[in-house]
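Each chain gets a letter, A, B, C and D, in the order it is written, and its residues are counted from 1.
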Amino acid sequence: MTPFLQENVVFREVYCFLGGNEGNASWCGGDGLLPGGFEWAAYFAAGFVIMFILVNAALLGAAVFVWSERRLLARFQARRGPNRWGPWGIFQPIADLLKLIIKEDIVPNAADRLAFTLVPIIMLMALLLSLAVMPFARNTYLVNLNVGILYIIAVSSMSTIAIFMAGWSSANKYAMFGAMRGVAMLISYEIPLVLSLVGVVLIVGSMSLVSVVEAQTVPFLLVQPLGALVFMLGISAELNRTPFDILEAESEIIAGYHTEYSGIKFALIQAAEMAGVLAASGFLATIFMGGWSGPFWSGQLGAFWFLVKLAGFVMLFIWIRATFPRLRIDQIMAFAWKFLLPLALINFLVTAVQVYFFGFYQGDVPGELTRNELWIMAAINIPVALIAIGIFGRFSREKVRVPEPVFQNIAPSPRTMEVD
Amino acid sequence: MYGFGLAKGLMVTLKNFIRPPFTIQYPEERIPQHPRFRGEEFAWYEERCTGCASCAKYCPLGIIKIVTSEGGRSPQEGGHYDIDVFDIDIGRCMFCGLCVEACPYDALFMGSGFERGRYERQDLVITVDELREAVKKPSTWFRPQLEDSGYDPHKDSALDWRAVGREKWEWHQREKAGARIKFRPARVGDKTQEGDGEARS
Amino acid sequence: MAIRTEPVTINIGPQHPSTHGVLRLRVTFDGEVIVDVEPVFGYLHRGSEKLAEERNYVQVLTLTDRLDYVASMTNNQAYCIAVEKMLGVEAPLRGQYLRVLAAELQRAASHLVATGFLLQDLGALATPLMYCFRFREKILDLFEMLCGARITVSYMRPGGVFSDAPPDFWPALDDLMQEAPHLIQELEQLLMKNEIVLVRTKNVGVLSAESAIASSVSGPVLRASGVAWDWRKMDPYDIYDRLEFDVPVGERGDNYDRFRVRIEEVKQSLRIVEQCRDEIHPGPVRADVDAEAIDLVLERRGEAEKPLAEGPVRAELPFVLRPPAGAEAYGRVEAPKGELAFYLVSDGSIAPYRCKIRSPSLINLTVLRELLVGWKLADMIVTLGSIDINMGEVDR
Amino acid sequence: MLFQDLIFWALAAVAVVGALGVVLLRDVFRSALLLVLVFLTVAGLFFFLAAEFLGIVQVLIYAGAISILIIFAIMLTQNVQEGNLPNGLQFAAVLLPALLLVALAFVAFDTDWRLIADLPAVGGTAVEDAAFRDNTFTLSKLLLENYALAFGAAGTLLLASIIGALSLVRER
């Protein structure tokens, strides 16, 4: 067992319970259930337990998210939402799932059967893989990857391929439209998305999400307001949430790339999308709000603080979805290239200068910025963010041709006009 | 500032988030229905019906089927036709209420129900037996005498055939209290609508 | 160097979430850009005009409810005006007030539906739609009080309305009038300055005043193009010449103007309703006629009888109407969607010889191609929503 | 070691079979999908070499972006289902990869491989150890200090190609 895995609380406990002490390490006393020589089985079981927890948490989380989104959207729309099946309708997603499972699983005749079937699997896989690096509490994660932040983006970009496969293999023009839109949009939004995180990486000096959490003595939402904004907008584009949901715009192209999907395949695609929102909220909470660290008892209540922050971001996503219409494809692209990209670059530049400046006095090792220095950075970055948004907002507003919203030409009553 | 309108929109939805919902839980809660509601179960008073089939004639869809036979008593003794069949196919009914409007004897009334979902088309036909046995809570639609008596089919009890007629009620008394209007037979090519009749009051 | 592209033809509809009914649009795209649009309709054809020839004049009224089923009151009104013109009858004043009141409430309800669905087409996930429907429900509650139905009202009759409003109608109307400005203000706050709505609707689908007039469109679509044309002003029917209201007019004729004109018209409608409520006086609501007239009717049928009583006997307008043979009338109102007219010809029998319906939706739909070519798929949906068609009326 | 060997061989087999499929399949769309698979397995092999940064970049750039562009281009071709007709480039198509294979084999046998499993046993210098533990840091240091000129030149080249592509497709 590597020290790498020893840090992981869940892994350690399961391994200790099954395999017993190995090499008289301080973290485990006594013998395990399995006889000697079966350490590999314990190793295997421990890994399996973690994956089991993670996969089920993601899918159950998706179910709970479906329910809460429907309830909250309904409340935003002055309705009640599902409330029949179970208390407050909490079993509604189960009913939905049952319905989808017993539906006929249709594959169109003209479809490319193999690619068509692979799509839901790839989508869900991309999502579950991205959860591997998320720290849920202190020392609770599947793996602490050195390149965690890059890993998230790389893995979640796999869903682009899935979307494309879905659009192509369905042999449906609406699906093709959705896929074309999706690919154009997702590739464009990946660039500001990556650039928005560069500032965080510069400050922390590592791409591991665990070190990102540990380095946040001040929430990076304050230190990196521009980065947080760009990341939030970029990730909601990656998740196909309003106002960027053009690839499954139901009023235009029916259901976009998953028009032809039905039954359990549709359920899997939906599950991947819903859990995607949870994952994105988790990353937002981890990278910009300090993850499991809370105002007190971060060690004991880490998971609680994490969930509170995650729920806050989920709520924000739902709120935005309830309020905003969707943009047109060219406006979305213009928004990415003319608004988000410059903002991300400004953020990058300003942060690089700051890190160099503060790092200059602190020695050559980055990632050791003190709390006070972070506060100073926040004090500089927030006005910079406001000014930049103002300037580029005005700039891109002219580019997308929005005249002033005035409507004064209410004609005077033409009472004098006579018709003979 | 860019995004100000968006923030305003967010505030509006938040305000509605806090407000109570405007929908109701249907089977448990119901919106108060007005007594005039034109509903599905027709209230039919056999005692008043002469079997004249005006309702059947004035139904725009022809969904009322009436078969009568001569009753035992002569008309001088107050007898009338026996109604053998009085089927209303509400599977095709559009609840316009013209049958009620056409009934000269106040024998047919609209009801106030709206929950007659059935699996068979056949079950949607209201037969004469059903009409006879139904609890008669007539809607006040096109029956000013009921409206004037303040009858509410949802709260008040079922009405006897003696209580629903317009014998004691002077027809359109309220409306006739107002001014008369000019009547001028139309001629072809005539220009109409000059002036507005008499002044209001 | 140019990249050669190949146009794609897509049938949007007749089963599509946002074609507002069973409309089919055969659209040719170059990428996302629309090259050609051809509306194909007739999927909801019910033969209303032919059916009208088989029914008597009051029965036809129930067919008019089902033409534009989100604005039944104005359909009734147009039809009743046409029949009244043929008969030479005029509705009594209180009847006219009630008609105008109901028609204006209906206009508000119809515009709210149009606005809600326009924003739904923009992708606003039904939130504005729900707010609009919340408002509309209150109006429909009032309709239920008036006539016992919410959608297919059949409230008006040739010669007035079938019955006076019940006493509890007036307090309920007062409640609505107090609440309405807040609801409209909320809707405006949500949408009027929303940058996404502005970007999506401004300068999109521009219809110039000239081509609007040339293609004979009417209603809010025409007024949004800057033409102050409203039959309520130009040829006042019922009591519109007694009421004070403005005609909102747009500047450019784009989607935003159409949407904005509708919101303004809702406000004006509420203003008219308020005036009607304040000015209405007691009186008869349905034209009654001299017995002489019934004699005339009977005479035409060859069944002349002597009046039962001496002196001026008055009776209700009979249920079965017989306009004189050869009489024809063009009854025209400003319906929420535009100029709605019924052209009736009588042959002296109890049913119209011919009933022609001039439906605003159909004629407004003809400008769709002009508005769309060169824009994108997403704009097509929004523009279609902004024209506010109703397939029941298009196909008749 | 058992599992790691197993996984390595599985990855290698998938990579080779997938690559053959890319070349041999008639359906261009499927061969493009197999190309994605090959990219992913190669990323897995990078992970085995403790080069997680390279592995991730492989996924992000090749599997996530390049392959999408390839599929995009395929979609614009006429006959996707039976494309890939034989033409005069077959000889070159065999020769060039053969040369590449020889070069790769030479590199493979010449390199002193150290697996991640051997990590605690690596008794190299502190710099080597650090390189294994955090190769992102090392890589960036190398790129921006030792090979800064090459890095900048590559960037300039890419920029030039982007501008060229834009000017080619631009509507006038």
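Just a few scattered comments:
Here is the rule we go by: a contact is a pair of C-beta atoms (placed from the backbone, for glycine too) under 8 Å apart; a residue touches a chain by one contact, two chains touch by 3 or more.
The structure displayed is predicted, hence computed values, not measured ones.
In terms of the distance between Cα centroids, chain D is separated most widely from B. By number of C-beta pairs in contact, B-C leads over the other of A-C and B-C. Centroids of chain B and chain D (each the mean of its C-alpha atoms) stand 77 Å apart.
Centre-to-centre separation between chain C and chain D, using Cα means, comes to 64 Å.
Rounded to whole angstrom, the centroid-to-centroid distance between chain A and chain C, based on C-alpha atoms, equals 47 Å.
Rounded to a whole number, the gap between the C-alpha centres of chain B and chain C is 24 angstrom. In chain A, the residues touching two or more other chains are 76-79, 322-324, 397, 405. Those residues of chain D in touch with two or more other chains do not exist in this structure.
Within chain C, the positions touching two or more other chains are listed as 127, 131, 134, 190, 192-196, 198. If you check the complex, the residues on chain A that touch chain C are 73, 76-79, 173-174, 177, 181, 242-243, 245-246, 249-254, 321-331, 397, 400-403, 405, 407, 409-415, 417, 419. Interface of chain D with chain A (complex): residues 2-3, 29-30, 33, 36, 52-53, 56-57, 59-60, 63-65, 67-68, 71-72, 75, 119-120, 133-136. Residues of chain B that touch chain A in their complex: 1-3, 5-6, 9-10, 12-14, 16-17, 19, 21-23, 25.
Within the complex, the chain A residues that touch chain D are 2, 40, 112, 114-115, 145-147, 150-151, 153-155, 157-158, 160-161, 164-165, 168, 183, 187, 190, 206-207. Within the complex formed with chain B, the residues of chain C that make contact are 55-56, 58-59, 61-63, 65-66, 84-90, 92-94, 96, 127, 131, 134, 137, 141, 144-149, 152, 154, 162-164, 166, 168, 186, 189-196, 198, 237, 239, 281-290, 292-293, 296, 314, 316, 319, 323-324, 326-329.
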